[in-house]
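Below is one structure. I have some questions about it.
Chain nomenclature is as follows: A, B and C, assigned in order of appearance, with residue numbering initiated at 1 for each chain independently.
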Amino acid sequence: MTKALVVATAVTAALALAMIVGYAPNERVQGVVQRIFYFHVPMAWVAYLAFSVVLVASIAYLWKRDSRWDAVARASVEIGVLFTTLVLVTGSLWGKPIWNTWWTWDGRLTSTLVLWFIYVGYLMLRAYTPDPERAARLSAVLGIVGFLDIPIIHFSVQWWRTLHPEPVIARSDPQAPPEMILTLVVSLVAMTLLYTTLLVYRTALERIRDENRELLQGEVNELSTQAGRAPVSTTVGNPNA
Amino acid sequence: MPVEVRVDVAAPAIRAVGISRRYAGVLALRGIDLTLQFGERLALTGPNAAGKTTLIRVLATALRPTAGSLSIGGIDALRHPAQARRLIGVVGHQPYLYGELTARENLRFYARIYGVAAAELRISQVLDEVGLEGRADEPVRNLSRGLQQRASLARAILHEPRLLLLDEPETGLDEAAQITLGQLVADWARRGRSIVLASHRLEWAQGLTDRALVLDHGAIGGYDPLQRSDSILPPLRPGLDLLEGREPER
Amino acid sequence: MTAFVGQVYAVLAKDLLVEWRSRDLVIAMIVFAFLALVTFNFALDLRPDMVSAVGRGVLWVVVVFAGTIGLGRSFAAERDQGTLEGLLIAPLDRSALFFAKVLGNLLFMALVELVAVAAFVALFNVAIDPLPLAATLALGTLGLAATGTLFAGIASNTRAREVMLPVLLFPIIVPILIGVVQASQPAFGEGAAREAPWLVLLATFDVVYLAAGAVAFEYVLEE
């Protein structure tokens, strides 16, 4: 099953790349640089998808208290932050030749930046909470509460920006030729498959880590009890956890 | 406002089955079974880090057990914690009192939270019972540790719980204060109420209770800490050094 | 229902009484706010011609920073004194505890805002229309108190908790930051009264996070 997923990802990715380079036409105003769009937009889509998965996994974890859901959340947040970073970077790379500036407080970029901060905060919360079960529970709360803010942030930033319009606004051409739309769709599919593959592998890795830790802790507990000593935690205070 | 709690009179004060508690992977409690009837008084002993405080906190519903079930007076403490909490009073290491407020003000606050009827009267009553009437209107942080523990006891019995949990209440008290505290607890426990007393002071605890439970690394290690010769209970695991309150040699 | 309100009132009254006895929190917040205003004056070189334009933002940033200090402290005190456990073993509804803490934080922040606005008017000689500003600040501060209380609860479980609170809180309150500054335009005497949609946004934010906090607090405090 995972093999099929990897193959599908590889095939669609190759196809998308081919289309981006060869098939999609040049955009009139922006030229070749515009092709970053075919990466930038699907990455943004995947980032939001990733954080939606975090929302679902967080709710499931608080409800069922099954650490497998927590593993999914952990994995999806990492991937989500990675893709959000890429969105910001590709946005910058795209902006420089077009607007002659590395950054602009455009509505969507700004919202994405705030999103980035929220989920980097999630990663920090996990890193700074010593007890793994507590970390799982608190970050599940954050995963839900943070997601609620996304639409509100969007609206507020959008309204704010329309009051101060940018001198040059990059808009996707409403009369985009079908070749562009097709390339975009294929790229979107490829990116989503890539996300799914990464999620599956990352979650599996997290679960293996959890199981290893359980096994190790179990052994430590056993041996300690036999020796008549208090067992030591393999996580709290352990830098290698 | 007064709150009625339906207590099943036939139900035990505590029925704990298979209580386990994990913290950071370590099992602080491993499958503890405990049944206590109303009117019974239990002592909880064991070396440091044996899990006495953890068990008290689980019984107090301050901690959720990782596994197992707990009912207090017939009420499922995990499903209906708020109801169970009305039956329980806790005296811990910390007095759970706000230092800037007076004992009386602290009690007024807890009276409201617990829904105690005729609060002012009841507050005067408990202050009298613990012998704190004279100093009830000073900030709690000005009181000695002994008096603070008495105030803590007043807070614990304010809502007339039927089960009192005490976690090493004698900590930081001098001899006289310990005796006073012991007397107060003994008086309180006379009227068909239950106590669970975790303590290092074996003889003191024995004087206040009917039976004992020994904890050993989170599990039950035995039932008779002083190894009386006529005891039919199983002996302690060798090497378990209780009288010193220390862990066995490392 | 009345029992619930009674519990909220009991915790709130207790918090206010404790703060009144020591007064250290509110005084610290007020002094900080005052100092921050003066610091902004130097940093931004606030001359009369641009004070109105920038002033709204400066005022609100000062309130947010001062508020964040207070939020962290209120939780830390309960944890350090050990009294939080006393609340958790009581039959106290966790959402009642949440609302009580939010109201307490709201009142402290309101006090700081009063002083901050008065200081702002005095220091920078800016005319402010009090009623619209009060409405805007009220909605904004409520959102700040709700999210702040929730995240203070979360952050108090972590290492470096003084840092974790702003790190978690600031991106979440971006809508309030934008909303309050925009909605206070008419109060500062510039621009037509376009604040209605912003006030609705703030109110929506408040409702969402009061509800979310009330439900989530149980999970945050659970041991």
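As a convention for this text, a contact is a pair of C-beta atoms (placed from the backbone, for glycine too) under 8 Å apart; a residue touches a chain by one contact, two chains touch by 3 or more.
Bear in mind the structure is a predicted one, so any value in this text is a computation, not a measurement.
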Chain whose mean Cα position lies farthest from chain A: B
Identity of the most central chain, Cα criterion: C
Which of A-B and B-C has more C-beta contact pairs: B-C
Intercentroid distance (Cα basis), chain C paired with chain A, Å: 31
Chain centre separation in whole Å, for chain C relative to chain B (CA means): 39
Separation of mean Cα positions, chain B and chain A [Å, integer]: 48
Residue list for chain A, restricted to those that touch at least two other chains: 130
Numbers and ranges of chain C residues touching at least 2 other chains: 222
Chain B residues within the chain C interface of the complex: 1, 3, 57, 60-64, 81-83, 85-86, 88, 90, 92-101, 105, 109-110, 112-115, 139, 155
Chain B contact footprint on chain C (complex, rising order): 2-3, 6-7, 9-11, 13-14, 17-18, 21-22, 81-83, 85-93, 222-223
Contacting residues of chain B [partner chain A, same complex]: 22-27, 49, 217, 239, 247-248, 250
List of chain A residues in touch with chain B within their complex: 130-133, 213-214, 217, 221, 224-225, 228-236
Residues of chain A defined as touching chain C within the complex: 62, 114-115, 117-118, 121, 124-125, 128-130, 134, 137-138, 140-142, 144-146, 148-149, 152-153, 155-157, 159-160, 163
